[in-house]
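There are two complexes below, and they share chain A, which is joined by chain B in the first and by chain C in the second.
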Partner chain A sequence: MHLSRAKADPRDPAALPRLLLTVLAIVLLWPGLVLTEFKPATLVESRNLDVFARFLAGFWPPDLSSDFLRLLGRATLETLAMATAGLALALLLAVPLSLLCSRALSVSALLTGRPAWLADMLRYPARLLLILLRSIPEIVWALLFVRAVGLGPTAGVLAIAITYSGMLGKVYAEIYESVDQRPARALLQAGSSRLAAFCYGILPTAAQELTSYTLYRWECAVRASVIMGFVGAGGLGQMIDLSIRMFAGGEVVTILLTFLLLVLAADQLSSLLRRRLA
Partner chain B sequence: MKRHIEALFWLTLVGAALVWSFNWLQLDLVRLLRQDSLQQMGSYAGSFFPPDTSPTWLRQIFKGALETLAISAIGTLLAALAGAALSLLAAGRLGMLAKDMSRLLLNALRSVPELVWAALMVLAAGLGPFAGTLALALHTTGVLGRLFAEALENTPPGPALALRQAGAGPVAAFCYGTLPGVLTQWLSYTLYRWENNIRMAAVLGFVGAGGLGQMLYFTLSLFQQSRAASVILAMLVLVLLVDALSAWLRNRLG
Partner chain C sequence: MSIRLDGVGLTHANGYQALQQIDLSIVSGERVAIIGPSGAGKTSLLRLLGTGLMPSAGQLQLLGEQPATLRGRALRRLRARIGLIHQSPPLPPRQRVVTAVLAGRLGQWSLLRALVSLCYPLDAAGARAALEPLDLEDKLFTRCDQLSGGQLQRVGIARVLYQQADLLLADEPVSAMDPVLAEHTLGLLSQLAERRKLTLVASLHAVDLALRHFPRVIGLRDGRVLFDLPAAEVSQTHLAQLYVNDSLTGHTPPLPSAESAQAEQAPRRCT
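Showing the complex of A and B:
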């Protein structure tokens, strides 16, 4: 009897829980909508619409005057140089820190199987420093450095150096620990110094992974250095920011296209290098 | 041997690129390390301490952090909805023309960085968190749309086909045949992007799009370093909390 009624009932048996879930979601989302001042109507307000329509109308044709292109070329090169120099400086800090905090070179681990607690305690400050370095976004560092050393690419280079040393240091340390440990252990047990054990025991097997991760980070650094111009740290970002402020739509389009090309080119270059070096 | 020479060639090239970079930028690191400029930087860094921990400022920071969370949540949600709609087109369910057009649109949305979208949206929607929400939504739609479409393409077509042949309409066949197969994957992609977007929402404010970033930008411009220091600390705590939470969730669910 009951079964036949259920068969005849066309309603979805899961309807009520679904309805309750939807109501709950809306109740939870409501404060979010209020906090974000979610008013789609502002988009079609005549004042905003007017400004934006005028801006959009300027998008075509893209600005291709030779003066502007020359400026653009300089900014593109500056962006690339910022990423490269920043990453090089990051390596200066990341390599020593990664050696400090990796457990792969622990001498005490040879005897007892795990590092001595005192040595482990000494690794923690290095780890903490790496976490602090990478947890503050690079653009915040750029904003701070622009105020400390002035407008221009120097601030961007320092910002990349700081954040990326944190990221590279952490991953490098993990890579040292993930490769075959036996060569390094054998060297350490035979009485070689830690640096020698690293160079001849770990580096040969880890080099490939280290190179490809570094190249990947270089790609990220190119993208990041475009963004950092928005706070005044030079490069393409500063040009986009200026052009948007001046409502120069044509310039914005040209810069965005350049940015796309730059990211694509960096992508290709890094995969080429990865194939050749790694 | 040949391989060694080739590697040497590429390494030289990398070295040359490094030298060129430092030359082009004319980075005067030596000048940065000189006494007076170090002193200057030191005194600027010192002015951030101690961070402002007065209750009124902390309350404002808390509000800013909530705003940041709300921007990221609403932005990601909008993106998930728009991404789901576009992914249907991009997975080729409604014809080849729609597929190519929607793929082009998704690529365009994705390749413009969030901060550029934010600067553009500030023009379209005015200063404030709404611009940040839209910016995140636009960029994330591009990312999620592509991921969603890939999930759709990889899901087995059997259940939906069976429903269709049994006489179900296309909508019902999608809802009961395809959606259950992709929903968990869609959800995990969305959560992963949300995590990214929380971090991004914290800095979108630099171009005037609300949240903690806007507070940091204002306080630094007004030379209120001790207030700025507490905003930076709040950002740090937010990022670390999100990292810890997502690592914990991944351990539990993964």
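Showing the complex of A and C:
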């Protein structure tokens, strides 16, 4: 009876693995919540709510005095410059490394369908370097460089350049591998060099995703440069640090609104470029 | 002598014997069609001729070179002389036709020239000249994703013409087209090869197309050459022998490596 029923209506063979994976995910996540002492109830305790209310009350109205705005403008430019310069330096390192460690341009894969193991071994150091670059958080690099090159945006630029080259390189390499490989393979098959095959075969398809990811990283770099301001790397971060210390809530809120505008602008730019490249 | 195979055999990595004991010579300027049932080894033979695979037995000579002995730059130089026309033209959808055609000569250009040409097409006139016999010269600055399948295939042919290859290989060039378009495109390809004295080797599903457009036809079955005759001498008996029991055989041959290389791409991405 049971057998014949199973025959008539076969169960989805993927159902059990999916269920097990879900259970596994919950089992793994639960200790995380316990470990971080995550208790949402503390948020709505009346004492804590009171603290919040007093803190937020100081935030209004935003400080719009011309002196402060002039300072803010300067700090914003500094932050933008830090993020952009850091990202540009990161690209210098990320692009060659991503090309080195991507399997998309393997010539030996033409013959056997998969890259030769020796070439894979050579790709590994590049991959390792990318891991090394991004494994140390930018804030640690910033602390290090603030000591080495002194207070100021230079430390932030270097910190962003190092960490972000690791992130960009890794994701770029994966993007190259995720697009259709046939155009590049056909070009390699016709005797093209790898770099030319990359530019003519992979770049046209990957351009949109690469641009969008790079812009997203730029947005992240803006935020990161703000955080690094707290450790003395200049820009908006240093400013918000000072304002918080002086309990100048109006200033803090103006700076936060500036962040909002910056991220909004980055988002608009990203969608504009995506549409252009579509 | 354009192509010469002496006792060539090919065993895929999974142990499947795709080709055995192939003796073949094709002189330069010849136009040859390869026909045979699925799994007969047509694609494997073409990939062998395109240096996409190396023979596991015997000797293969291409354009006076032995690809199996070549490495690096020399192999690239040989590859630049062989033009491959794919079943579905591998053109990036966002690329413009002019760039796609100019990409044909990447094997001959310096990297600098290739990069400059990517920003500003340096030889648009050359690309136009390659597109002209294919009635596509007005599509020079159109993006590839705005072309129909038949037009794309002709862009693929234009690229190979622009490449100025000595040997043209076409793997099922018209199998994705309707009969009228297939007839037209194959006729065009054959004509162009004849006019420019290019060696053309094409694998085809459709026997009538092969007999109509190619002076020489090779029948391939189970990895062996069953017949190798002028088109006029290919008889019904030959064809019956070539396709005998084709619909009845239960065994499905393993995928040719081209597809399996593509297929193994997917799971790797998921992990």
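As a working rule, the second predicted complex is superposed on the first by the 214 of 278 C-alpha atoms of A that agree within 3 Å, B and C clash if a C-alpha of one lies under 4 Å from a C-alpha of the other, contacts with A are read in each partner's own complex, and residues count from 1 in each chain.
Throughout what follows, a residue touches a chain if its C-beta (ideal position, glycine included) is under 8 Å from a C-beta of that chain, and two chains touch if they have at least 3 such contacts.
The structure presented is a predicted model; accordingly, all values stated were derived computationally and were not measured.
By the touch criterion defined above, A:182 lies against chain C but remains apart from chain B after alignment on the C-alpha atoms of chain A.
Applying the stated contact rule after C-alpha superposition, one finds that A:82 touches chain B and leaves chain C untouched.
Set against each other, chain B and chain C differ in how many residues of chain A they touch, and the higher count belongs to B. By the touch criterion stated above, A:197 is placed in contact with chain C alone, chain B being left untouched.
In the superposition on chain A, A:26 contacts neither chain B nor chain C.
When the two complexes are overlaid on their common chain A, residue A:128 makes contact with neither chain B nor chain C. Touch criterion met: A:207 reaches chain C, while chain B stays clear of it. In the superposition on chain A, the residues of chain A contacted by chain B and by chain C overlap at 277. Residues 109-114, 177-178, 180-183, 185-193, 195-197, 199-202, 204-205, 207-208, 277 of chain A are the ones that touch chain C when the two sit in their complex.
Chain contact summary for the complex, chain B toward chain A: residues 6-7, 10-11, 14, 17-18, 20-22, 24-25, 27-28, 32, 37, 40-41, 44-45, 66-67, 69-71, 73-74, 77, 111-113, 115-116, 119-120, 123-126, 128-130, 132-133, 199, 202-203, 206-207, 210, 216-217, 220, 232, 235-236, 239-240, 243.
Taken in their complex, chain A has these residues touching chain B: 29, 31-33, 35-39, 42-43, 48, 51-52, 55, 77-78, 80-82, 84-85, 88, 131-132, 135-137, 139-140, 143-144, 147-149, 153-154, 157, 223, 226-227, 230-231, 237, 240-241, 244, 247, 256, 260, 263, 273, 276-277. Touching chain A in their complex are the following residues of chain C: 13, 50-54, 76-84, 86, 90-95, 99, 103-104, 106-109, 111, 114-115, 118, 163, 165, 257, 260-262, 264-265, 269.
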